[in-house]
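Heads up, the next two complexes both have subunit A, just with different partners, subunit B and then subunit C.
Up next is the complex of A and B:
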C-alpha cells in the first residue's frame, strides 16, 4: 500500500513538473486524477463516473438555455396576428428590424450607448483595479477591500434603482446643491428621467463588471516586474505602457464584453430612470409584454448575433478558460 | 513624486467605493426619514415606514417569494456546481467547451433567455408561471459564478494535499473526510451563499416567467414603473440590503478563514 501511494505520488510530482513546461496540456491538475490508476475509481463504472456527472449540468444548459434560444429563433419567423402568434413562416419581422429606419436607429443607438458605457467604466474602473492589484501589498487587506468593493454588486438591483429618486429627482440632492451654490434658480426637471441619468446609473451599476476582470489579470503581475522595468530605466509611463497594459489586456477585454452585454440587455434602468429613452432591450421587453413574440424574437436574434460576434472576437484574443483553470 | 501619485490613487479608490455605496446609503437614509416625500434633504428620524412596511401583506409576501426562489436556486446551483467541479478535476474531454457553454449564462443578455424561457413555457410546455418557473433561468445565471468559485478550489494544491495524506498512509475515506472535505467545504458554503444572494435580487431574467404573487424585485419594479414609490419601499430596500450584506460578509469571512485563500 505504502509503495503504491509513493509511486503514485512521485508520478504525480513528475506530471506536475511536466505540466509546467507545456502550456498545451493546460490546467495543472495531476493526471493521476484521470482515474487511470484505478486506485480511486474501482470498476468499469468508476472509469466513466466523472463523465456521467456532467449529465445534469449539460441537461440543464441544454433544456433551459439552448432550447429557449432555438425557440426564440423559430418564433422570429412566426407571424404576429395582433392577439397572438401563428406558426406561419414569414420574414416580415426581420424586414421590420433590418429595413425600417426606426429600428435601425434603435439598434445603432443601443450599440453606441453600450460602447460609451464600456469606455467610461474602463476609464474610471481601471485605476481602482490597478490600486487593488499593485498598491495593496497585504493579502488580507486586499481581500477585505475586494469584499468591500463587490458587496454592492450583490445588492438587489431594483433597490439600487430606487435609491436614485432622492439623489437625481427634481427635489433630489443634485438639484438641491446646484441651487444652494447658485448655479440654478429653479430645480432642473430635466436631470432625472432622462437618457443622461440612465447612462450615469448604468455606469454606476456596471463599473464593477469592469473592475473585477481587470483586477484578476493584474493580480497575476509580479511586483518585481515593475521594479525591474524601473531599474532598467523605464519611466512610469513606459512601465505602464509596456509592462502593465499588456498584462491587463485579457481583463480589459473580458470586462468590456461583460459591460457591453449587460448594458445591452438592461431594459430596466432605461425603463425606470431613462424617461423616454428607448433601447433595443427595452423594445424587446415591451413587445414581449404585448405578446408580440415574433418581433421581440427577431430583435433578440439580431442582438444575439451582435453579441456572438463580440464574444467570439473576445475568445480569439484571450482564452478565459485558461485564466480560470490556472 | 511616486508617493504623491500613490496618495492620489488611494484617494481615488475611496471615491470609487463611495460611488458604489451611494445607492445603498441613499436607501438606508430615506428608510428612516420622517417625511413622506423623497425630497432632499431628509427631514428627521423615524421608523414609521418600517411599521407601514410590516403592515403591508404585499411586501412581506414578496419577501417570502424571493426567499423561496433564492433557496431553490441555491440548492440546485450548489449541487450542480459540486458535481460538475468534481468531474472537471478528472479532466473530462471537452472540459473547456463545457465551461464556455456554462459561461453563456453570463454572456447572453438575460433578457433574451428570459424571453425564450417564457415562450418555451407557454408555447411548448403550456405551464402557468409561478416562482418555480423562474428557477431554471436563475440557475443559468448563478451557475457560472458558482463554478468559477468552485474551480478556484479544485486546484493543483488540493490534489497535492490529498496525495500527501495518501503518502502518509491515509485511506481514501480518511483523505476524503480529513483533507478534501475540510478544504472544499468553505467554498461550497460560499457558492451557496453567493447563489442565494444573486437570485434573491435578480429581475431581468425572472420578470418574464413570474406571475403574481411577485418576487421582491418584480414587486418593486412594477411599483417604480407606475410611479407609485413611497418611503416604505426604502424600508423594504434597507431590509434586503441588510440580508444581502450579512450573507456576503458571511461568505467572505468563510473564504477568508478557509485553509487556503483565493483572490476572487
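Up next is the complex of A and C:
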C-alpha cells in the first residue's frame, strides 16, 4: 500500500514538473487546439495575449510604485523651508544623510538588523518548507499546516503586535512559566520592549515570507532526483547539499529578498515593541511627520538604492532568472 | 485681540455687509473673467450662485454627511455622533491618522478625503500656511456660539492667562493668518493640558515634576512620547526651573543650543536604560501602563481614564514646573464646496454646545465654551462642579470604590461609571477630586504650549542621536 502511494505521489510530482497535458488539465482546462502541423495556432488576439496579460500589473506598478518613487526622488532634491518644501534644487539632504554620523549609524544598524532577521528566518523557515514540501504527503495535512502559518496574517497587524504584551511582557506567559519551573526567581523585565523583542516579533511576522518561496521551489523538485542520489550512494546530507539545496536556491533568494525588504521598511514593530530601538524607517516617518519630506526622501532613496544593490547582487550570484524560468 | 474687539467681530450684524460685498464682488469677478462669447452661458450657470448669495437667506441645512479626519477617536464618540444625527441629521464619519505624522497626512492629501480635519498646534503652522491651501477660512459668524461670554478666558483673552509669548502664539494657531478674531483657520473643539501619569500600584506617592521621569528609582519603568517636538519642551521646563538651563525666550520653540542642552541631559539617562519605551499612539501608551511594563509616562489625560477602566490605578499629576497646553483645532478643507458650508458650520457650532462638552468632559477634557450656560445645563451639577470647578464628589471615595485604600481608590475613579447627581449638594470631605483640580488651577500652571517649532527638524535629528545612545 505504501508503495502504491509513493508511486502516485511520484507521478503527481512528475506531472507538475513536466506539465503533462492529460494530468495537468481538468474541467475547464482543456488542452489547447492544435493545427495540422501539431503546432499551436493562436488567433490575432492570442499573439498579443501575453502583452495584454501584463498590462494590468504594469499599469499598477507604474502608477503606484514607479510614480511615487519618482516623486520621492524629486522631493529628495528639494529644499525644506521649516514648514514645508520649496522646489529649490539642493544636494544638502543627501549630504546630511551621507556625511552625518547619526544617519550613517542608523543605516548601518537597519541593514544589520534586517540581515540578522533574514538569516534567522532562513534557518527557521527552510526546515519548515522542506517538511511541508517533501515530507508531508497528505494534502489535507499540508493544507492545515500551511493554514496555521497563514492564520496570523488574518489578524490586524497592530492587534497582533499588542498581543505580545501578555506573552513576552513582565507579567506575561513566558515570565510566568519560567518562574513556575524555577528557571528565574523574578520576572525578566528586559526581554520585552527591547531591540531583542522587536527582532523576535519581526522574525515571527516575516518567517512566512521566507517559507512560501522556498516551499514553492522545493515542491517542484523531481523526487526522482533525490531517489537517484540515494541509489548512487549519497548520504542524506550529500543529497541535501548537492541536490536539494541548489534547486531550492531560487526560493531562498526570493524569500531572503522579501524578508530583507520588508524588515527594512517596517517601522511599526520597532515603534510598538522595540523600546528605544531606532531604525531608519522610524526616522523617515518622524521627518515626514514634520513635513521635512526632502530629508525623509533622501534617506528613503539611499535605503532603496542600498536595498536594490543588495537584491541585484543576490540575484546575480545565483542567476535567479535562469534558475526560475529554465 | 481683546475681548471687546472679538465681540465686535462676532456680531453677525456687523459682519454681514462686508461678507455680502465680498461674495458679490467675487461672483461678479468670476463672470468678468469669462470671455464675452460665453457671457450668456456664464449668466445662466452663475445665476443660481449669485441669486443664492444675494437674494436668498442661506437655507437651513437639511442634513448630510461630514467626514472628519483626526488623530484621536475621542473627537467622535458615539454619544456625540448620535446627537448630531438626531438633532441635525448629520452623519459624522471619522478617519484616524497617526498623531506623530498628522501634519504630513493632512498637507500631503491636499485637503481631499475629508471635510474637516482636527489637529493641534504642534502641526498648526504648516497646515494653516500650506500652499496650495488645504484649509479654507471660516468666518466667526459661522460659529455664533463663539462669544466671549461663553468662552474660557484662555480663548477670549489668551494673553491674560498664558502671557504675551504663548498667548499670541495660541491665536496664530487658531485664526487665519492676518484675520485674528475674524476668520478661523481651526476653531478649537477641545483642549487640555498634559503632564505625567503614574501607576499608583507601583509608585506610592504622587510625582510632581517632569524630572521625576528620570529618577533612577524608576529605571526601566518609564515611557516618554516619541514626538520630540513635544517631549523636549517638557524636559526644558524642568531644566529651567531646576536651574540647569537658562530660560529660553520661547520655551515652546527652542533654539538649537537649547535643544542640545535638553538632549544632553536626556542622553545619559537613555543610555542607562531609564526609559523603557517610546510611545507614539494612544493605544500603545495605555497598553504600556495597563500591562505594568511602565509605571510613569508623559501620556495624555484620557489615557489615564482608559488605564483606570482596565483596572490599573493611575494618577495624572501636577508637574510643578508647569503643564503642557495643547489646543485641538478643527479646520475646513479647501475642497469643501460653498453649498456644503452651512452644514459644516452647523456642525462646527455644535462643537461649542453642551452635548459635545459633556462627551469631552467624560474624558477629562474641556471645550473653549465650558463656562457657557448651555454647557452648564448639559452636565449634572455634581459632574460640572467636579470637572471644571475642582469640587469633590458628593459621595466619599470609599463608597464609590469600596475595599481599597483611598490612594488606590482615587486612582481608580472613573467619571463614566459614577452616578452624578443633577441636584445641588455638598461635596464630601472624602470625595474624589479631579486630578490637578479646577480648570482655573490647571490653567494657572501652564508652562508650555504645543505649537510648531522653527527648528522642528533639528528637534528630530537631536532626538535620533539621543536614542542611539
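Everything that follows uses one rule, which is that the second predicted complex is superposed on the first by the 242 of 326 C-alpha atoms of A that agree within 3 Å, B and C clash if a C-alpha of one lies under 4 Å from a C-alpha of the other, contacts with A are read in each partner's own complex, and residues count from 1 in each chain.
By our rule, contacts are C-beta pairs under 8 Å (C-beta built on N, C-alpha and C of every residue); 3 or more make two chains touch, one makes a residue touch a chain.
Since this is a predicted model, take the numbers as computed values, not measurements.
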Output check: A:106 vs subunit B and subunit C. Expected answer is one of first, second, both, neither. What do you get?
second
Does subunit A have more residues touched by subunit B or by subunit C?
B
Figure out whether A:169 sits in contact with subunit B (first) or subunit C (second), or with both, or with neither.
both
Partner chain(s) touched by A:91 [first = subunit B, second = subunit C, both, neither]
neither
Just subunit B (first), just subunit C (second), both, or neither: which does A:309 touch?
neither
For A:264, decide between first (touching subunit B), second (touching subunit C), both and neither.
first
Tell me which partner A:276 touches in the superposition: subunit B (first), subunit C (second), both or neither.
second
So in the superposed three-chain picture, is A:285 touching just subunit B, just subunit C, both, or none of them (first/second/both/neither)?
both
Just to be sure I read the superposition right, which of the two partners does A:184 touch: subunit B = first, subunit C = second, or both, or neither?
neither
Quick check for you: in the superposed arrangement, does A:219 touch first (subunit B), second (subunit C), both or neither?
first
Overlap of subunit B and subunit C contacts on subunit A, residues 158, 162, 165-166, 169, 171, 271-272, 285, 288, 293
Please output the residues of subunit B touching subunit A within their complex, sorted ascending.
2, 5-6, 9-10, 12-13, 16-17, 19-24, 26-27, 29-30, 37-42, 79-80, 83-84, 86-87, 89-93, 95-96, 98-113, 115-120, 123-124, 136-137, 139-140, 143, 148, 151-152, 154-156, 159-160, 163-164, 166-167, 169, 172, 194, 197-198, 200-204, 208, 216-217, 220-221, 224-225, 229, 233-234, 236-237, 240-241, 244-245, 247-249, 252, 255-256, 261, 263-264
Contact set on subunit A toward subunit B in their complex
1-2, 5-6, 8-9, 12, 16, 26-35, 40, 50-51, 53-54, 56-58, 60-61, 63-65, 67-69, 71-72, 75, 85, 124-125, 127-128, 130-132, 135, 139-140, 142-152, 154-167, 169, 171-173, 175-176, 204, 207-208, 212, 216, 219, 236, 257-258, 261-262, 264-268, 271-272, 281, 284-285, 288, 293, 296-297, 300, 303-304, 307, 311, 315, 320-321, 324-325
Of subunit C, residues touching subunit A in the complex:
98, 100-104, 107-108, 125-126, 129-131, 220, 226, 228-229, 270, 275-278, 280, 283-284, 287-288, 291-293, 452, 454-457, 459-461, 463-465, 467-468
Which residues of subunit A touch subunit C once you look at their complex with the stated criterion?
80, 82-84, 100, 102-103, 105-106, 109, 158, 162, 165-166, 169-171, 189-190, 192-193, 271-272, 275-276, 278, 282-283, 285-293, 295
